[in-house]
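Reviewing the structure listed below.
The chains carry the letters A, B, C and D, assigned in the order they are written, with residues numbered from 1 in each.
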Amino acid sequence: MDAQEIAERAGKTMFANDASSPHVGMTLDNISPGKAEMSLVVLDYMLNGAKVCHGGYIFMLADSCFAFACNSHNDATLAQGCNIDFIRPAVEGDQLKAKAIELSRGRKTGVYDVMVTNQNDKLVASFRGKSFSSGKPIFEEQAE
Amino acid sequence: MDAQEIAERAGKTMFANDASSPHVGMTLDNISPGKAEMSLVVLDYMLNGAKVCHGGYIFMLADSCFAFACNSHNDATLAQGCNIDFIRPAVEGDQLKAKAIELSRGRKTGVYDVMVTNQNDKLVASFRGKSFSSGKPIFEEQAE
Amino acid sequence: MDAQEIAERAGKTMFANDASSPHVGMTLDNISPGKAEMSLVVLDYMLNGAKVCHGGYIFMLADSCFAFACNSHNDATLAQGCNIDFIRPAVEGDQLKAKAIELSRGRKTGVYDVMVTNQNDKLVASFRGKSFSSGKPIFEEQAE
Amino acid sequence: MDAQEIAERAGKTMFANDASSPHVGMTLDNISPGKAEMSLVVLDYMLNGAKVCHGGYIFMLADSCFAFACNSHNDATLAQGCNIDFIRPAVEGDQLKAKAIELSRGRKTGVYDVMVTNQNDKLVASFRGKSFSSGKPIFEEQAE
């Protein structure tokens, strides 16, 4: 398997085991080594008291996208910590897209950048996540 | 109204208008000037591919708690940005509690600390949020 | 004055008043609207107990670069808060370069990204800063 | 050696090898397992173009204090990343104090909180750092 096949297989395996991302309607649109793209439509139950999308759902989209990107090497990783800046609000019906890229990846830790934009390509949030590798595979490459 | 009455009234008003926090089962357990406490039980649909609670729900709990704390002065505020460190995983059935305190509050911006613990009082996540004041009230104090 | 002339004049004015950046040998290599580039050579007094450059000097370079980028519009801004990830160490003699770009700029707040690289174009640190505008100019444009 | 003796010995060893912290006049005032206190006086060369202390020096104080706290177990650790919020400015002559505490410490990573205050006990900055353990000692306990 080459790196792209590994990324696709890792993404497929993770998504199949993930109850949380599909529960809110997230889709995995693209995955490649160190990169991922996911989408989320803002639904009525996601609105907070100010009638804008709860930051938790914007974070959840970015965090999932980060997780798929950092697991794309078939090395199961955990999120150690994340930083998010909320640039502009999202409202009901907005179609949010997240794109994650790998800034660095060492033996145990990595740094990833995720940008969340809306259907007008406007920046909704910038996110940075730090990963920690478990050293275990998502799927057994040999067992194929 | 004194500061505590204002905090309770702001919390009640916000929670009544908030679709997102109750949707996932969050409760507002306590609110006072610059402080808030909220709870969340980890349910099956919140589990990610590693069978632990998606960081997005832990963030959501912390972020809601931060929002109630920084809106407790009846000055509608927005989250500008947040930082979260994931200390230990949460699993299905865990009863998570968040406690938010105000580190500082200036004319326009504030800094809040939120600690998320589980039913064994173990730290699950540490969170820091930065607020930006809109200058508008949550409810009209004069109109009482 | 056009936006580029304003940026250059703001940068020149700030640097002339800044005791701290030149004290450690930092240079302002480039400034344009929302962007800046600065350099720093790692000297012996910057080394910590592990004989690598103290993170404080890497932060200082990134933070100065962020400050020049966000002040490039001739609107005096303050740093509200920053996040830095240390990717690889810097050692004595390393020639560090910081490049700051503007991710967003609203009426009062902005978000900036700064990447710090070494003389081999390897990433040393990724930095994100949040600005707050004072609403006052760095220099009087009318007084020209 | 008990934990307190180990902390003091680790602190002394680190400080003796650290060119950067003493160079700017920092002092290590206290160290105990998972905790440290350091001080810094704001000098003229630390002032930026706005005539307040460059955030880099405030960060440097917090970062050093974090480093001494997380190395107090005689397990050499690195800073992975840090977050700082600037609450109020520091000016020339201010006597800054940093206090670091350990929020969590796992096998490889830890989270530390550092508060920087001035001579009037007012909060100047809140800082959170993430450590990564090298697994190597600062000093050889057996060799004593």
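Going forward, contacts are C-beta pairs under 8 Å (C-beta built on N, C-alpha and C of every residue); 3 or more make two chains touch, one makes a residue touch a chain.
Because the structure is predicted, anything quoted here is derived from the model rather than measured.
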Inset, instruction - Please identify which chain has its centre, taken as the mean of its CA atoms, farthest from the centre of chain C. - result: B
Inset, instruction - Count the C-beta pairs in contact for B-D and for B-C, then report the pair with the higher count. - result: B-D
Legend entry - Geometric centre distance via CA averages, chain C-chain B, whole Å: 33
Inset, instruction - Go ahead and note the Å separation of the Cα centroids belonging to chain C and chain D. - result: 23
Legend entry - Whole-Å separation of chain centres (CA-atom averages), chain B against chain D: 29
Inset, instruction - For chain C, jot down the residues that touch at least 2 other chains. - result: 80-81, 83, 85, 111, 130
Legend entry - In the complex, chain A residues that touch chain D: 80-81, 83, 108-109, 111, 130, 132
Legend entry - Touch list for chain C against partner chain D, complex: 13-21, 23, 44-51, 54-57, 59-61, 63-64, 67, 76, 78-86, 138
Legend entry - Complex contact set, residues of chain D against chain B: 83, 85, 87-88, 103-104, 106, 111, 113, 123, 126, 128, 130
